[in-house]
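Both of the next two complexes hold chain A, though its partner changes from chain B to chain C.
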Partner chain A sequence: MIYFFWLFALLALIGALGVLLETHPVRGALYLLLAFLSIGFLYILAGAPFLGFVQIIVYAGAVVVLFLVAIAVMSLRRIPDDRDLGPRGFLALVFAGAFFLVMLALLRHAPVPAAPTPTPGAPQPLAEALFRQYLIPFEIVSVLLLVAIVGAIVLVRRRPGP
Partner chain B sequence: MNPTLYLLLSLLLFGLGAAGVVLRRNTLFMLLNLELMMNAVGLALVAASLAGLLEGQLIVLMVLAVAAAEVAIGIGILVSMVRLKDSPLVDLWNREEP
Partner chain C sequence: MNHPLLGFLTAAGIVFFGVLGAAAYLVLAERKLAGYFQERYGPNRVGPFGLLQPLADLIKLVFKEEVVFPQSNRWLYLLAPGIIAVMALLPLAVIPFAPHFAVTDINVALLYVLAAASLGTYGVLLGGWASNNKYSLIGGLRTANQMISYEIAMALALVGVVLMAGSLSLKDIVAAQQHLWYLIPQFLGFVVFLVSMFAETNRAPFDLPEAEAELVAGYHTEYSSMKFAMFFVGEYIHMVVAAALMTALYLGGWYGPWKPGFHWFALKMALVLYLMIWVRWTYPRFRFDQLMRFGWKVLIPLALVNLGITGLVLLR
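Our next item is the complex of A and B:
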């Protein structure tokens, strides 16, 4: 099990590095697909198989396809190297590194339970909690999705010329 | 499975995503890195549910739906801005029309 964890962790990090450094949009989206798939398998390894499959369907399926469709719609003729490697980019990297170190120090002092108890990762307890205790957030999120669909259509609609 | 390993991995992914958001000027890649950061947070929450909290997985489900909405709107804004300015680079978006 632990070997699978290291394998998928390595693949997720490779995907993240690819998204960070790649300049071609399609290859960047495919690196993101690699990271999403690895994180989905990590969910399954962590005892959350339902979330793992939802992650693979929604993120690795829908979101990456949406990005690829957007890249195709924009049909960028020239792809500039957009990595900011001047002093501004260096400063940004310094701040990102500082954030990483602060969070690492927090993690070292975080209270982690000594004996992790395996949660019921089956869909049934999740659904029980979602449809009984957390029903109102669920409904709000579904309204949000509807608003997002309508908003996306309104945003990219070509308006009739004057 | 050790939750600390999951938290460490999620921290690494979040740091890489944050570095990508501030390092890149192509808006498409900034959106990709934002998605990566959201996934890193989800991984941390699943690690919390590894320690016995079912709510972690529920929050990840909600974040997933919100992220799907965010991607739809974000790509809509991106496509209409690229139509307007003919480039995905944020530096060129900042310039006023002559």
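Our next item is the complex of A and C:
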């Protein structure tokens, strides 16, 4: 199991780096797909198959497909590589490094949670938690998503001319 | 010698080769039936009743010239047929063909099936894009739109079944149908699922991705030889999987009068496959805007109505 963890962790990192460094839009989207899939497999390995498969269906299966369709419809070609490596790039590097150090410190001091129970995370406990214990936050999040969808439609809607 | 992995591999091997054989003869069955629907004989030259035709087709495809066009994106172009075939085969791992026979049984089996279905879109989309041909690209884009739209309706129809069975495992869902097939209480869901399955398998009346009258052959225009065969077999495996899913989810799986077992499962699958072939050779193709309108404005609302009714009845 631990070998699979390293494999998918490595693939997720390769995917994430590929998204940052690739200048060809389709290949960039495929790196994103690699990262999403690997993270889905990591969830499954961590004993959360429900979350893992939902990750694969929603992110790998739907979101990246829509990216690819958008890229193909707009026939985007290679983006010129004009990354800003001046003062702004330097600042970004400093902040990214600081964030990395903070995360490292947190990981070192955070209590390590117990290993997941050997019974692979059944959907029932997840449903219990979502719809009983955390019902209100769950519904608030879904309303938030609905607001975002309505907002997106309103933003792109063509208004009748004056 | 009695390693648990051995039984698993044996079951996987039986299912894999069984389904490949079924897919090969499904091609023959389709050609035969198409012949009868059109008042001709269909293939009948190779072997008795044309029974060796699949073998002849295979030999022909193996010996055809492999063509990789220089303008294509080589890696993705070669990868795409593989994605289609593999993603079509994946759901077979969780389908319970008989009371004690399934490759494996996981508690999120239906999500696994949906995940495989949604990843299958990449085969068509990438194949169409990597061919670098406008007909292929349009075919690929249409497929992506079609599959995403109809997967929503399909998933919503499945939620009704999951609510009734109280489980995502296909084995539990079949076991819950011992006395009443879900075809009856979930009739609306069954209709939605059936129609979305026609769209998922890219078959007429929803075979827009490869509409030969407008797109040459759609996403597989630039594919030849075994690469084309992978797409082709992938489609037929998809049909077998769709029939197996429909049998397990709505038609009571292995249950039947007298002795429950694999023969009932196979019989129901054969009936569903016959229906799919019958529809293909009877109805003309939709137009693309009709297809999208039907998916979003008819099927998804119907699936939601079904879900609402199921929820209300179960809560009562």
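Please note the rule applied: the second predicted complex is superposed on the first by the 137 of 162 C-alpha atoms of A that agree within 3 Å, B and C clash if a C-alpha of one lies under 4 Å from a C-alpha of the other, contacts with A are read in each partner's own complex, and residues count from 1 in each chain.
FYI, contacts are C-beta pairs under 8 Å (C-beta built on N, C-alpha and C of every residue); 3 or more make two chains touch, one makes a residue touch a chain.
Given the structure is predicted, the values throughout are model-derived calculations rather than measurements.
J.: With the two complexes superposed on chain A, say which partner A:V26 touches: chain B (first), chain C (second), both, or neither.
T.: In the superposed model, A:V26 contacts chain C only, not chain B.
J.: So, A:A9: does it touch chain B (first), chain C (second), both, or neither?
T.: Once the two structures are laid over each other on A, A:A9 reaches chain B alone.
J.: Given the superposition on chain A, which partner contacts more residues in chain A: chain B or chain C?
T.: B
J.: Taking the superposition on A as described, I'd like to know which of chain B and chain C A:I149 touches: first, second, both or neither.
T.: first
J.: Considering only touches as defined above, state whether A:G89 meets chain B (first), chain C (second), both or neither.
T.: First partner only.
J.: Have a look at where A:L126 lands relative to chain B and chain C in the superposition and call it first, second, both or neither.
T.: In the superposed model, A:L126 contacts chain B only, not chain C.
J.: Touch test for A:P49: chain B only (first), chain C only (second), both, or neither?
T.: second
J.: Under the stated touch criterion, which partner chain does A:A62 make contact with: chain B (first), chain C (second), both, or neither?
T.: After superposition on chain A, A:A62 lies in contact with both partners, chain B and chain C.
J.: Tell me which partner A:V73 touches in the superposition: chain B (first), chain C (second), both or neither.
T.: both
J.: Identify the overlap between the chain B-contacting and the chain C-contacting residues of chain A.
T.: 50, 54, 62, 66, 73, 120
J.: Residues of chain C touching chain A in their complex?
T.: Per the stated touch rule, the residues are 76, 106-108, 111-112, 114-115, 117-119, 121-122, 125-126, 129, 137, 140-141, 144-145, 148, 151, 168.
J.: In the complex of these two chains, what residues of chain B are touching chain A?
T.: Its residues touching chain A are 1-9, 11-20, 22-26, 28-29, 31-33, 35-36, 39, 42-43, 46-47, 49-55, 57-58, 60-62, 64-73, 75-80, 82, 88-89.
J.: Tell me, which parts of chain A touch chain C in their complex?
T.: Chain A reaches chain C through residues 26, 30, 33, 49-50, 53-54, 56-57, 60-62, 65-66, 68-69, 72-73, 120, 122-123.
J.: Which residues of chain A touch chain B in their complex?
T.: Residues in contact with chain B: 1-2, 5, 9, 12-13, 16-17, 19-20, 22-23, 25, 28-29, 32, 35-36, 39, 42-43, 45-48, 50-51, 54-55, 58-59, 62-63, 66-67, 70-71, 73-74, 76, 80, 82-84, 89, 92-93, 95-97, 99-100, 103-104, 107, 110, 112-113, 116-121, 125-126, 129-130, 134, 137-138, 141-142, 144-145, 147-149, 151-152, 155-156.
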